[in-house]
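Several structures are given next for inspection.
Note that chain A is present in both complexes that follow, paired respectively with chain B and with chain C.
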Partner chain A sequence: MINIEIDGKHIETENGSTVIEAAHKAGIAIPHFCYHKKLSIAANCRMCLVQVEKAPKPLPACATPVTEGMKVFTHSDQAVKAQKGVMEFLLINHPLDCPICDQGGECMLQDISVGYGAGHSRYQEEKRMVLSKDIGPLVSAEEMSRCINCTRCVRFGQEIGGKMELGQAFRTEHAEIVSFLSSTVDSELSGNMIDLCPVGALTSKPFRYKARSWELSRRRSISAHDSLGSNLAVHTKNNQVLRVLPIENEAINECWLSDKDRFAYEGLNTSDRLTKPMIKQDGKWQEVEWQVALEYAANGLRHIANGAGAEQVGGLATGGSTLEEMYLLQKLMRGMGSDNVDFRLRQSDFSADGKQQGTPWLGLSVADISRADRLLIVGSFLRKDHPVLAARIRQAVKKGLNVSLIHSADDDQLMHIAHKTIVAPDALVNTLSQVAQAVDAKQSDGIAGSLLSGERVAVLLGNFAQQHPQASQLQTLAQQIAVSTKGKFGFIGDAANSVGGYIAQATPGAKGMNAASMMASPRKAYVLLNVEAELDCANPQQAMAALQSADTVIVLSAYKNKALDYADVLLPIAPFTETSGTFISTEGRVQSFKGVVKPLGEARPAWKVLRVLGNLLKLDGFDFDTSESVRDEALEGVDVSAKLSNAITGVEVKAEVSAAGMQRVSDVPIYATDAVVRRSVPLQATADAAIPKVWMHSEELNNIGVKSGMNVKVNQGSGSVKLACCADDKLPKGVVRIAAGHPATSALGAMFGTITVERA
Partner chain B sequence: MLSQQVTTLIDKELKKYPADQRQSAVMAALRFVQDEKGLITPEDMSDVAAYLGMQQMAVYEVATFYHMYNLKPMGKHTLTVCTNLSCTLCGSGDTVAYLEKKLGIKMGEVTADGKFGLREGECMGACIDAPLLTLNNKKMCGKLTTAKIDKILADLEGGKA
Partner chain C sequence: MNKLIKFFKSFLLLELLKGMSVTGKYFFARHITVEYPEEKTPQSFRFRGQHAQRRYPNGEERCIGCKLCEAVCPAMAIKIEVAERADGSRRTTQYDIDLTKCIFCGFCEESCPVDAIVETRVFEYHGEKRGDLYFTKEMLLAVGDKHEEQIAKDRAADAKYR
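So, the complex of A and B:
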């Protein structure tokens, strides 16, 4: 620690920090544009010039390291003169079109020019003009003349996003921010460039001209689209969500937000929103009053439970449902006498149930990932499945974290991966088992060597590993490796409430059926919560067959979806922006939120709908007035942190003999993960939302006599689809990569297993 | 694809820098490409980026920053005239006007026969010889007068450059 003085105030600060950091710590504001605490120092805007004693000229506070006894003056005549001079230069070429600029009211240039700008401009000549650019459906670069060339967006791409998609081309007054060959910016974190841009050059395309910033109400919320639990500020006007911004939380999302969280709101009020209860009578859908629909639903359930037996009723929810919703769903099921309830719709191996002691979770806190020095990631499309977590890992890699990957596809994670093993899905257990043996044998190279040389080791199982048909064996092996390396192990949850679902007890007990068995041996009645069965289930073919053969299917959904084909009652429920609720993030953080707008039309929060269903079925314990009382009951006497445990015993690890034929590898594309995201028009216009292709090794394509780009016919189970194929020589031989969760592939079967591909 | 000659030259250049700082060779690499082809296309920039393990956008930044790199064909002989302050004070405006008239092209253009290209340059650090121009970024010609310009062009026409 060293002592300096800023504006006469004594400050103790860390050696190696800069003047601007010391000033901010002491609450002294220094005007700046290009400086950002999460980005490297560029020192190119010169706005932060300050006077330093004994220095002949003003110095940039962002790039001046503190020294013992330094005296800094941020408001002296010399400093203010320098700052005003810089301001005048910055404004020379700025269009000053604040009245029509989306940044108006929340613009750093506007704010700082109030303090340091002159009342009028001395510059009479023509201003420079920079042409607009089209960099994709999310970020608008329509008014690049506003750009002050701070290069925050460029540094964000280089340092946080992992790929330099924007750069500053040309020089002097011709310098401008461009993308290479005018391509689009495809980063899954690109929206953060909008937040970083201190002026109105990069703005939100979907939000463009929708509202002025001061007209918006800001409400806190929690992300519903991945398991990190990012903190959101939802901005609303006239009972409509108009945009979503991050709330800084260093322990979770830092100051970032994924594009999925930021732009999913565009899918909230689409034309297929379900706004009135509907029932199907004589094969025709008709809108009815809530009372009619609820009684119809209750009667249907009562009829099956009393007739065929309660075990013929099954309840399914998505992992993005709130704790309260899932708690009431399981309470409803168990109240009727059925133990069939589950939320793990994409999981295919449930053999861990009963063998694991607690609720599977991340195994360490999100912040601890930044402090780990060795990380093994098993079965994860990390960057697309968990964009903000991947960004955190990317930063840790730069500080020395050594990452190894075992997976069935080799997508570029835009970070240095020290060791990787890419094998077919049926070889995954064997590969991990070899690593476990190598760790026990104290092998000094490869993945084992990397893990053994670390002090803070973590093994993380991704979505792919959780959906894998031998998930429990992978879990057992991960545990073995973690024990041998004195590290931690855990799951990166695949949905906003993948921990919450367990805590809410929305999993079957010993007698009940899990998500897969409810589909494999069809039930007579189903209650679906937020589920789009053809997209959300591990095996859409089987799920659709089961639902179509059921006597009664009661669907609680925010949208009119494919359920129109198989459902009997559609109950309009509120998405997460219109209901209060709780998500428990993958690190076990319990975060409650309130609805930010009123439910659309006659839609109602699902917890209320389930409560009334419970009342109509005359079940005990359904007298809740608020979602908070549901949450309190669900968490009563539950110490969430004590429940979290990935420990597993009694699973035998056996290397499977590899099956004949091609195996399917499935990812759920980043913008196909849940109902809201699937309907967001801007997200669906991105490169990541392109129609899925059939990816195979080029030798495998040769074997069936097709070339990259040609159409192929893919057969699995009873269905087939025609899609374009594409070569990916980084895939192992013998696998076909086809996305799941997408309408173009929903006619196919399970996410894993054998599949055939032939010339179309 | 970068030619064998270019990669050989780049490899030689890389020996000057630490192994983990391959991007230090980017300016030289671009120069080798331009010497071979007369210009640097975006594909060349991608190839250089891949060869040096850089982001292609970073190579693009370098290629667009320096005036010595031709991003489009600039003729057999590229005349780069300095128009910065010292040269302007010493009459580079007249130099440019004379060259434009004599060659029948404007700044940034190439004569119809593809022989001469004319472009604006930044300070070449030899203000004592202002006004000045460079030939193909290799040879500097200073203290320019109309007679001297005539001679330079005649020599180039005659193949004596």
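So, the complex of A and C:
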């Protein structure tokens, strides 16, 4: 520790910290633009000049390390004169367009110029002009004249995003921020550049001219789009969500937010929002009152349960539903006598059910990932599935974390991967069991060697591993490796409430049917919560066939979707911004949130709808007044962490003989994961949301006689689609990569399994 | 005795003459009563009357929708909605002033960075039914167009004090 003095205040600070860090810790404000605590130090704005005793000239506080006995003056005449001088230079070329600037009211330059700017400009010459740029549908670089060249966005791309997509070209007065060869900024974290930009040069494109910052109400919420549970500040005006910003939480999302969380709100109030209950009579949809629709739904369920038997009723929810919703859904099902309820719609292997000792979770806290020194990731499109978590791992890699990857596709994770093994999906179990054996044999090279040399080891199973047909075997092997390396292992949950679903008991009991078997042997009645079956299920063909053959399908949805084809009742429910609820993040963190705006039209929170359905069916225990009381009952007053366990016993690991033919590898594209994201127009305009292609090894393309870019016909099960193909030589041979969860591929079958590709 | 003095004062019409002398004095004094509406008092160039939206000489509306007037208005009489116009500029789609709420403090005028919202010298306006004094953007622009000459003159006169 080092003792320094700032403005006469005695401060004890760590050796190696800078003056600005010490000052911020002591609550002393030093004006700055280019300095950001999460980014490297550039010291190019010079705004943080301070006077240091015995230094002949003012020094930049952000780049001056503390030394013992240092005396710093942030508001002495010399310091203030230097700061005012810098401010005058910064304002020379800054346009006076604050009244039309979206940053106006929350602008660092505006705020600091109030304190350090002169009332009048001495500059009479023409200001410099920087041409506007188009860097994609999310970030607006329309007004680059406003840029003060702090290079925060550049450093963000290099350091946090992992890829330098913006850079500073030219020198002195001609310096400007440009993207390379006028390409777009495609990072899945690009929205953070908007927050980082201290001026209005980079602003949010969807938010452009929508509101001034002082008009907005800021309300806390929790991200519903991935399992990290990022803390959100939802900004609303006139009962509408106008933008979403991160709330800093060092243990979860730090100060970042993925573009998915940031721009998904644009999908909330689309024209296909369901605002009135609807029932289908004589093949025609008609809008009805809530009472009519609810009684119709209750009668339909009662009819099936009393006639064909309660086991003919199935309840399905997506993992993005709240704890309360899933708890009431399973309570409704079990109240009627059916044990068929599930939320793991994209999972295909359920053999772990009953063999698991608790609720599968991350296995360690998110913050612990930063402290791990060895990490094995199995089956994960990490960067697209969990953008903010990937950014955290990327930072850890820089500090010495050694990452290994076993997967079926080799996407660039924009971080150093020490060892990687890319194999076809059916070889995944075999590969992992070889690693497990090598770990047991104390092998010193490869993945095993890497894991054995670490002290804090973690093995994480991604979405792909969870959706894999041998997921339970992968889990067993991961457990084996974790035990041998004295590490942790767990799942990076695929949805906002993938832990909460288990806690809410929205999984079938011993007699019940899981998501896959409910589709494989169709039920007579279904209750769907938030589900868009053709996009959310592991096997859309099977799911659609099951739903179309069912007598009664009750859909609780925020949108009029494909359900119009197969449903009998559509009940409008509120998305996460309009209802209170709870998400349990993948690390087991219970985070409750309140609705930030009123439900649109006649939509109602799903927990209320399910409660009334329970009442109408005369089931016991449906007298809830608040979502909090539902939550308290669901959590049973027990700490969630006591229920978390990834331990699994009794699964036999056997390498399956691969079937002949090509195997499908499918990812769920980043902007196709849930109903809200799928409707967000700006997100759908990004490069990540392009129509899926058929990716194959170039030799495989040659085998069927097509060239990259040509259309191919893909057949799986009873369906086929025509899509453009593309060569990816990093894919293993015998593999066809086609995205799932996208309307263009929903005619195909299961996410895994054999598939044929032919010339179109 | 007092009665006697009173009698002579009345008898000689002294009280009447005293009264008439006051009347006579004011008959020849300078008139200060203004015979409104035939006559009007002089107005300052800072007079704060009815609001108007101004245009530039080329016909382009001045307002850029920065919403500073909306934020500063103590009576919350202003309502603004903004959108990007086809040419990419920031423009209001709605600019309403409820003159029944307005307290004519002039803050809107003072906060405006482009001198778009101004208070004119017009104070003779009325409404006959509820809602007549709710001025929309079109109405405000019309007022501005009508009085632009005077408005410009007043801004010029005030310019050296700003």
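Here is the rule we use: the second predicted complex is superposed on the first by the 759 of 760 C-alpha atoms of A that agree within 3 Å, B and C clash if a C-alpha of one lies under 4 Å from a C-alpha of the other, contacts with A are read in each partner's own complex, and residues count from 1 in each chain.
Convention: contacts are C-beta pairs under 8 Å (C-beta built on N, C-alpha and C of every residue); 3 or more make two chains touch, one makes a residue touch a chain.
Every value quoted in this text rests on a predicted model; they were computed, and no experiment measured them.
Partners chain B and chain C, once the complexes are superposed on chain A, both fit on it without clashing. Look at A:F180: by the touch rule set out above, it reaches chain B but stays clear of chain C. Contacts of A:P99 after superposition: chain C is touched, whereas chain B is not reached. The superposition places the C-alpha centres of chain B and chain C at an angle of 80 degrees about the C-alpha centre of chain A, rounded in steps of 10. Of the two partners chain B and chain C, more residues of chain A are touched by B. By the touch criterion defined above, A:Y123 lies against neither chain B nor chain C after alignment on the C-alpha atoms of chain A. Contact with chain C, but none with chain B, is seen for A:R212 once the two complexes are overlaid on the shared chain. Residue contacts after overlaying the shared chain place A:G167 against chain B, while chain C stays out of touching range.
Minimum C-alpha separation, chain B to chain C, in the superposed model: 29 Å. Overlaid on A, the two complexes show chain B and chain C touching no common residue of chain A.
Chain contact summary for the complex, chain C toward chain A: residues 64-68, 71, 82-84, 88, 90, 113-114. On chain B, the positions that touch chain A within their shared complex are 42, 55-58, 60-61, 64-65, 122. Those residues of chain A that touch chain C in the complex are listed here as 98-100, 104, 142, 208-210, 212, 214-215.
For chain A in complex with chain B, the residues that touch the partner chain are 157-158, 163-171, 178-181.
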